[in-house]
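Before we start, here is the structure in question, set down as structure tokens.
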Amino acid sequence: MSPTAHTTHIPDTQSERDERHLAIQQVGVKRVRFPLTLKLGAQLQGSVGEWSLDVALPAEKKGTHMSRFVAWLEAGAEQALDAAALRERHLQMLQLLGAQAGRIEVAFTLFIKKRAPVSGIESRLDHQARWVVETDASGHTSTWQEVTVPVKSLCPCSKEISDYGAHNQRSLVTIRAELLQPLPFAEQVRFAEESASSELWPLLKRADEKWVTERAYENPRFVEDLVREVALRLNADARIGRYRVEVENFESIHAHSAFAVIER
Amino acid sequence: MSPTAHTTHIPDTQSERDERHLAIQQVGVKRVRFPLTLKLGAQLQGSVGEWSLDVALPAEKKGTHMSRFVAWLEAGAEQALDAAALRERHLQMLQLLGAQAGRIEVAFTLFIKKRAPVSGIESRLDHQARWVVETDASGHTSTWQEVTVPVKSLCPCSKEISDYGAHNQRSLVTIRAELLQPLPFAEQVRFAEESASSELWPLLKRADEKWVTERAYENPRFVEDLVREVALRLNADARIGRYRVEVENFESIHAHSAFAVIER
Amino acid sequence: MSPTAHTTHIPDTQSERDERHLAIQQVGVKRVRFPLTLKLGAQLQGSVGEWSLDVALPAEKKGTHMSRFVAWLEAGAEQALDAAALRERHLQMLQLLGAQAGRIEVAFTLFIKKRAPVSGIESRLDHQARWVVETDASGHTSTWQEVTVPVKSLCPCSKEISDYGAHNQRSLVTIRAELLQPLPFAEQVRFAEESASSELWPLLKRADEKWVTERAYENPRFVEDLVREVALRLNADARIGRYRVEVENFESIHAHSAFAVIER
Amino acid sequence: MSPTAHTTHIPDTQSERDERHLAIQQVGVKRVRFPLTLKLGAQLQGSVGEWSLDVALPAEKKGTHMSRFVAWLEAGAEQALDAAALRERHLQMLQLLGAQAGRIEVAFTLFIKKRAPVSGIESRLDHQARWVVETDASGHTSTWQEVTVPVKSLCPCSKEISDYGAHNQRSLVTIRAELLQPLPFAEQVRFAEESASSELWPLLKRADEKWVTERAYENPRFVEDLVREVALRLNADARIGRYRVEVENFESIHAHSAFAVIER
């Protein structure tokens, strides 16, 4: 690969003045995959992050410096992250880009070890998770932590009207919470699992399968019940500010989903 | 299929009273595929809609009647839709569900016939599109029309600094516009195409390919330029209220995207 | 748009001779969306096709003429298609491209009207479907028709070991069948529905929901049972040559799927 | 969580005899996410695997033991894997399931550090990768290693016919190779990068961008050229048995892709 030199004389088109008088709320990069080491309490867990990084651009500036977003990622490659550490890094990103306002979003998979309810056998359940840190034009910074929890829901109506059985299905509970104080993912996941007809495990022995089946039958939940049960738990937790809970039931009697959302 | 009779005595669990004192902002169905006939001016076009339908549920109500959403879809199966007709149907949905507030979102593919720039040969370019109609708690109804337009962007910096050539790539311009008056999709698409380095066609002869290549080289655009050019056009159109424009460049020198957003 | 003329003098790089002595099995276009009118018996149904079109390229040829694939699509834009008509069009595509061997694949959504089991109320269930027509190097042409059918499966083990209830879930049955004679989609779908714990409907009244719940409880099926039941039905049908059946259960007690495949 | 005891008396429905006389080629689990530690030469890299695991089931057996697949994953949770180690683990899976034939497929993201061509600045480029290990009914085991490499392609025709510029775009080169001997991912990736108009980097300074732009302009490649260049390199490497190469160009003058496939 031949060096071409004279880097300093290459024109810098992005730094020119723009005459259209239009500010841009978000400009940056997205769909950037980068290694991610999660700091889950005392434990480290390797994962892969998909990042979206942007800043606000004032009306008079022609462009942002896109390569600085990736340089910022590279600079932090060795650092394990939790929500608080990402907030610190977010402020460094704004400085590096010379921006007042900006936003980081990173989506990743995390695993939580669980014991099956009867056999006690251990397995790792995957969760899709996400952090968002954003600073608005007034300089206020918010940190959001999201996790999607797969659970089981069993239909109260189906149980009530049927002579035997009741339709049930996998549901996804997505809790996006503004963090006022740190909140371990394991606790955020429990808000969803405790609200469902039953929680899930990757590895179940037959005695566990019997337990899950009966447990769900004893705890029927409409999608409306499930979203309200989660909201009640979030309302009672002082670590959480604003939030959005969505429950989606992949109905086993239809080819579509039922869903419900509560936001605060 | 054997009838089981006594339908009238089947308990109606959803209609019971809820004691958790929590209103639900959105409850309904999603991922419902249903045939869709688009009314594009005088022309009808068959498509497939993916629908999300929901209503707000007051705190004292235990559940909504999910089957009514699908019944509402079936009742309108034969009707060709434009944004105005969907708004009418939205109000009928609220009535049928007995709801004050609610929301319809439908995503679909639409095709626009185009003539290649030199040969004049015709082909149909697909666009992903979307309508959203929502009525909030105060009774105000908004109608949004979205279209995603594939275009070509060529990098001004790459052109400026290179002895020959310039990197270019496919970009997607997504314009979500609140409609104050009807806006034909074909015009909404032009806002994006006129702002790009070049528009695209499915079918190009060699003379057309030469034209597109040279046209793009003559019209370099950063992602920031492209989003601003679209916003200028939207600002000048009295039919449009609020809007959100996002441009995503699938960079040909990177494996990630550059993007920019302007909202009003 | 300014014409540039002199089209005839533009060099035709693709038609040059290639010296690498490597034949290419497939070259063409993919992810092409184009309007599709389905001919389902006497009925026409509008849909959107996503097409993949390719031909084999001999070792001495530098390139194929990509624009001819799209021109071929445009030429057939007004024709309603079933599997037999697509086979005819496939042969025209080979001629137009001057190719011995080639392949068409088109994926689309189709709707089938159904009556709920007790109330008799009608609704349209969507199915993902696909045709593949391919001619191999020896000149043999095969036609494949695929449909994915959403059904309900109820676990025999969970029913047997539990004091009450049984876990159940949505399953997808995908039947790809080589057609020796025409096979209506509606019949192909029935192979899957008759093999499941219960079929699905988009619109169910409470009496229907009771029927589906009890029906599934009376007909428990492992993923292995379901795939074998479908294969038995395909084996008994002289219209079908080779086939592949895959059943995927979106397990309601796990966050992953169980699946099974039989091929002939 | 209350234990329910009497585990030993729970009936084992899956172990019963099946009377339909139909063997099942594949039965198992899919969409299982599980932590994955990659062994890339001397280096370890954390990632997330999405696994599909199955075995063949003889005609007389009613079902397989699904939980053993997940138990097998858990048993290997701490082991770093390369293709050879996965082949060993595959044989253990067949033993654990009591199966003659079976298959493992795992998809994951891996990162390769690269230096930009002029500035020498380092960044990590992500690649989607995959291993497949399968043992057929005759007891023969094959190991496949796949990687998808994002590159840049520049159209020779567009360059030839245009007075200035040439359309170019991101392309994906997917190389699935049967391994006769170990093949480092970094070398497999080079087969694609050396065949393209230019390779890609996540982080480029302006001098690098100039280099990439000019390099691509000097090395135009049709999709047919690119797939043949990769095949030539694979043909010359004794470590590789059968293979499949697919190149997909996300055309910047169209909204669809061009593609080409060579298989051996």
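Which chain is which? They are A, B, C and D, in the order written, and residues in each are numbered from 1.
We adopt the following convention: a residue touches a chain if its C-beta (ideal position, glycine included) is under 8 Å from a C-beta of that chain, and two chains touch if they have at least 3 such contacts.
Because the structure is predicted, anything quoted here is derived from the model rather than measured.
Q: Taking contact as defined at the start, I'd like the list of chains shared as neighbours by chain B and chain C.
A: Per touch definition, common to chain B and chain C: A, D.
Q: Just to confirm, which listed pair, C-D, A-C or B-C, duplicates the contacts seen in A-B for more than half of them?
A: C-D
Q: Which chain is most remote from chain B in terms of Cα centres?
A: Of all chains, D has its centre farthest from that of chain B.
Q: Compare the two sides of the chain C and chain D interface and say whether they are made mostly of the same residue numbers, over half shared, or of different ones.
A: Shared-number fraction above one half, so same.
Q: With centres defined as the mean C-alpha position, give me the chain B-chain D separation in Å.
A: Centres of chain B and chain D (C-alpha means) sit 34 Å apart.
Q: In whole angstrom, how far does the Cα centroid of chain C sit from the Cα centroid of chain D?
A: Roughly 25 Å, centre to centre.
Q: Would you kindly tell me how far, in whole Å, the mean C-alpha position of chain D lies from that of chain A?
A: Computed from C-alpha means, the inter-chain centre distance equals 26 Å.
Q: Residues touching two or more other chains, restricted to chain C: which are they?
A: Touching at least two other chains: 10, 12, 32-33, 70, 126, 157, 161, 202, 204, 206, 210, 214, 255-256.
Q: Using the touch definition up top, name the residues of chain C that touch chain D in the complex.
A: 10-14, 18, 20, 22-33, 52, 54, 57, 62-64, 66, 70, 156-157, 160-161, 222-224, 227-229, 231-232, 248, 255-263
Q: Which part of chain D faces chain B closely enough to touch in the complex?
A: Answer in residue numbers: 125-126, 150, 152, 154, 157-158, 161-170, 198, 200-202, 204, 206, 209-210, 212-214, 216-217, 250-256.
Q: Mind listing the chain C positions that touch chain B in their complex?
A: 1-7, 10, 12, 32-35, 37, 45-48, 67, 70-71, 74, 77, 109, 111, 117-119, 121-124, 126, 202-207, 210-211, 214
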